[in-house]
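Each of the next two complexes has subunit A plus one other chain: subunit B in the first, subunit C in the second.
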Partner chain A sequence: MSVRRHGSPRTVQVIRRLLRAYALRRVLKAVITVWIVVTATFFLVRLMPGSPVEVYIHTLISQYGFTYDEAANQAAALFAFDPNQPLLVQYLDYLRSLARGDLGQSLVSPGTPVSSILLSYLPWTLFSAGLGLFVSFVSGLFLGMLMAYRRGGLIDHVLTALGSFFQAVPNYLVAIVLIVFLGVQLGWLPVTKMRGAVSPGVQPGLTVAFVADVLYHAALPVLTYVLTTVGSWMLLMKSSTLSTLEEDYVTVARARGLSDGRIMRAYVGRNAVLPLFAQVAIAAGFVVGGSVVIERIFVYEGIGFVLLDAINRRDYPLMQGIFFVITLSVIAANLLADLLYSRLDPRIRRHPAEGDR
Partner chain B sequence: MSAEAVVVRHRRYPLRQLAAWLRDLLRHDKVGFLGVLGILFFVGLALFGPIVVPEPGKPDVTKIYQPPSLEHPLGTDYEGRDVLAQVLRGGRSLIVVAVLAALLSTVIAITFGALAAYLGGTVDSLTGLVTDVILTIPQFPLLVVLSAFVKLDRPWLLAVLIGLLSWPTLLRAVRAQVLSLKEREYVEAARALGLSTFHILFREILPNMAPYIVMSFTIGVTSAIYAQVGLYFLGLAPLAGENWGIMLNLAWVRGAIFFKDSVLYILSPILAIALLQLSLVTAARSLEGLFNPRLRES
Partner chain C sequence: MIDVQRPSCQPLLSVRDLVVQYQGASGAVQAVRGVSFDLASDESLALIGESGCGKTTLGLALLGLLPKAARIMGGQILYRTRDGRVVDVVRLSDAELRRFRWQECAMVFQGALNAFNPVLKIWDQVVDTARAHGFRDRTRIREQCERLLRLVQLDPTRVLDSYPHELSGGMRQRVMIALSLLLEPRLVIYDEPTTALDILTQRAIIEVLRSLRQELGFAMVFISHDLPLAAELADRVATMYAGRIVELADVRNLFYRPRHPYTRGLLLAVPPVSGPLTTVVSIPGSPPSLASLPAGCSFAPRCEFATDRCRREEPTLSTVAPGHWSACHHWSAVSLDRWMERLGGASHA
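The block that comes next holds the complex of A and B.
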């Protein structure tokens, strides 16, 4: 007993240091990932045969009679680097302007900074995809626990079948079917009115009208996200709950005569959710990625919609900026989930070697 | 049942093993059995569809968007060609590319995952870093962006791109499995016998992971199909040739959703893709049950 009392402040210290190191390592890893992605996109845009910068310069020269220097200067302003400089200098310039939050300017609408385009479209994607993820995660947890507790029953079978079905079918097919039936063939929903992120003329603000309008426009994308992802959360939660139910501490809790409700909440539920947190990060990436097609189908004006627009018009700085932001949000979500997970599950920070992957 | 016994049997009579597995599946897991049947059906369609089924006919403006009839059981498309023939012929390129992509990513994941776990040290941390980077890059947006630089008109290019982006999850799983399996007695025995690392990894350890590897290969095929159809639907891959993704794109762009008679035109590729994905996922799930008996009991 006395040894323990002696040791405890030191143990606390060591754990604190480890936690700090763990968080530090995670942040470092995230920064390295961002750097690698930025570098890769830079060299992709700059070095590909028929580089968009060269193409742009040549268009300026041939169509508008610019001299090469004028054209190069113009391109420098748009791409946030100067094509006359050696590649390494360009690269460093590009990194410097990125660090200032300067992502260059749109090629198609000159004078518009990419960052301002991002700022006006990104919130809609974050909102709709985030809402979809949240709703499907929470309902998946409850349905999964329900399935685990009633395993072998009717609810379990029906939910498993439905979950597998929607999980298997690509989300854009679900979106198309929703439009074909709800929108056109049955005519229940005015899908053309539901396009866009808000109705024109509605004033942003914390008013009922605005919130209702935002939800109205986001309803179909969110419904698609929920339908296509709730199945996997459900099934994950079910298997996680099943393995938690076999743990010794649950048996002990039962033996202690604790109520079933309390065991379910405090012992089974909490521990069963833990492994799912790591999955949320990966799912966040997938949802952002999947939004590209969904937003196109519903004409929901988020970042995925603009990305396709940028690609169709070959607006390289905008494309680069959007891809950067999408990747950045995935990395940030991963980092957040890792840090959160390590707070929730102390085993990870105590054994950093195992939790490192 | 010892794992080694299964491996030995598997090596000697692969076909009999497969038949025994299918019988077992039919008895215990009807849904999984249906999934495997579905996969066999689609593989047959990919192999023989374009050979057996005649071409969907020449464009004919007088036959645009016809309702289903005996001559055209699923109606006709926006230029008057038979929809059924297109559906039956349109699986091959998607499935071939998806299988190639999944094969590539499985080979990468197994090789580097096993080596990373077995060798440890620098190799392990290096693969770990690369895995983390690739895993955090959202696959589909990257493919979308790449389509602006690379013409995705050669099927193998699409397969290589998708394959190169989709190995990280399996790699992590292989690494974790090898880490735990390499402490087993039979591996230590093999090491004590002086067998090579290659032999231990690929003859002793990996065969025990076979169901898991086949399962993630199946999942890999589904995600490759997702990516391909997505690219075709958005018109980012060239719309040359015939496959379900191209059908979907044309049906959507040419307004097939707005008419009663042409709804089948857009629904048939959707149904084909959905059934294919469903077969793959249910088969994968029953393989998961084989690998993780805890799930099978439920």
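The block that comes next holds the complex of A and C.
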């Protein structure tokens, strides 16, 4: 325990202890990061010469004969801020509307709030890429442990070769190969039917038909994610398991007469998986941003699909909204991983000053 | 076969001609080359020798814990169970071996700083151990564990609720010693239990071991390279060299009348408590590689008593006095007298 200074008021002590709490510090850090990113985005867009807002206003004036004020009002409604106000007021307004979940309106389809577009497309990306990551991570863990326990055997050699191969192939190539060979050349998969996130006419709800349809449409993107990432999880888990198997506490556990299953789960597995959590956090953060190409290739209507569309059509508010969501997902994934990590590894639960021994 | 048994009692453990071989990339290496000894149920035997002489391999073999690359090529490890049956540990099935470990024979390892699973609390690891052997009554486990922790001078409530990293090295080793006695084994192997600890903690651990043995009465194999430490805890001492026991005797006989040049060398290499440091003599040379042992006696190249016969003919362990065995052709010439004279004619009787 650290020595506390005598005579410091009680409230100060409470605050100090709160600041020391691992979880609270992490959450605080995440909130501050979000704020910094939001602020930076806001000022970058406004301070750029020929900002998208100005460009939009001038387009309105020159093409539709708007007066400047009319154009400015229109822009203010779309971008959720008033360009005639002082920058600081704009900034505060922006923060306030952001806090309410108001991200402005789409330029291309006026009257549609960006937030509603995000809400209708984001779930599909989170679902397909999240499922892909989950399946890939979990099967990587099991295969990696299997390889480590059977090292030098046939399974180990075959899986190592396959894992290294698929790890090296970029995901868009796998996606194209799946479409060209399985879909077009061999005709095994009805790739055109599998487009989109759901078949038209299927009613959303917790019905077997809906779930099956959703899985049917997500199958190819998920398969691509899994094929291209399972190899690296597998190899990481193998090397982590191998080094854990060398640890003294595994030998001691055997000496204590523990069953092989218990040792594998609580002694080897749990410790071997720890170093992988930092990586899974990073991977989870890029789920949203990394989906662009795959969703385009499979015409899967997720947020990556919309982002590419927004970029092509210069739909700035929508782009800004999507970037905000991407940032948020990276930060949220890291926060989640940190909190989960502290649950799994008791050694980092304490304050560094106390934990460093 | 030589009789290394103490005549009066039935041994708890008798090891006979044990050979352990490591399968390396560059061929096979024998780390234990025909070791035999007996251990009575209340006895403490110290195995001493330099690093790499096969002490730890022998300890691991007793528990059937050898790494994958090692194999027992011959010999027996006969253990008398509680119900009087004699089992050969070498031939136990995996399930029998699992029950044998910790319940009959526990082991405390060297460098125990890392002996506990870092992600489980000590109490969970205690429960794990008890459950693996079919003990499910948590209240009884708790009572037994708290009693043992108090015996090793730890605060049970605090320790059981801690993660391993929250305890100091000395505390962890004491927890390990307490845990080794959880299932009341009749034999505990201590493999250099104090090596990674500072000198004061070492002392405390030795005291704890001594009092535990008085209190609970279990047989003990104490593996060490530290002679004074071995002298404090052992009834009998076996000196190991290049995978063999080269001398085996009561602790007093071995320390005052060593009959093997290697034991004598080890004793001369210990700094005296009083007297000038110049009396410390180290053994010339270094232990032979087990992959290429010299012909004849493996200690001959470093031995000042060695003759042509030693380089030709490997000596076997034979009786030199009642309860005293040595594997040396010239055992009668070996004595500590010169050392004693240098110390100022102190009596060694």
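By definition in this document, the second predicted complex is superposed on the first by the 330 of 357 C-alpha atoms of A that agree within 3 Å, B and C clash if a C-alpha of one lies under 4 Å from a C-alpha of the other, contacts with A are read in each partner's own complex, and residues count from 1 in each chain.
Definition applied: a contact is a pair of C-beta atoms (placed from the backbone, for glycine too) under 8 Å apart; a residue touches a chain by one contact, two chains touch by 3 or more.
The model shown is predicted, which means the values in this text are computed figures rather than measured ones.
J.: In the overlay, answer first, second, both or neither for which of subunit B and subunit C A:344 touches.
T.: Second partner only.
J.: Based on the superposed arrangement, let me know which partner A:266 touches: subunit B (first), subunit C (second), both, or neither?
T.: So A:266 only meets subunit C here.
J.: Report for A:106: first if it touches subunit B alone, second if subunit C alone, otherwise both or neither.
T.: Neither subunit B nor subunit C is touched by A:106.
J.: Where does A:241 make contact in the superposed view: on subunit B (first), on subunit C (second), on both, or on neither?
T.: neither
J.: By residue count, which of the two partners contacts subunit A more extensively, subunit B or subunit C?
T.: So, of the two partners, B touches more residues of subunit A.
J.: Take the contacts of subunit A with subunit B and those with subunit C, and give the residues found in both.
T.: Of subunit A, residues 357 contact subunit B in one complex and subunit C in the other.
J.: Considering the complex alone, what residue numbers of subunit B touch subunit A?
T.: For subunit B paired with subunit A, touching residues are 31, 128-129, 132-133, 135-142, 144-145, 147-149, 172, 175-176, 222, 225-226, 229-230, 233-234, 236, 248, 252, 257-258, 260, 263, 266-267, 270, 273-274, 277-278, 280-282, 285, 294-295, 298.
J.: Quick one: which bits of subunit A touch subunit B in the complex? Just the residue numbers, please.
T.: Checking each residue of subunit A against subunit B gives 29, 32-33, 36-37, 44, 48, 148, 151-152, 156, 161, 164-165, 167-170, 172-173, 176-177, 179-180, 184-185, 238-239, 242-243, 246, 282, 285-286, 288-290, 292-293, 296, 304, 307-308, 311, 314, 316, 319, 322-323, 326-327, 330-331, 334, 356-357.
J.: For subunit C, which residues count as touching subunit A in their complex?
T.: So the residues of subunit C touching subunit A come out as 63, 65, 98-103, 106-107, 109, 111-112, 114-121, 128-129, 132-133, 163, 165, 176, 179.
J.: Taking the touch rule as given, give the residues of subunit A at its contact with subunit C in the complex, in rising order.
T.: Subunit A residues touching subunit C: 247-249, 251-259, 262, 266-267, 270-271, 274, 344-347, 355, 357.
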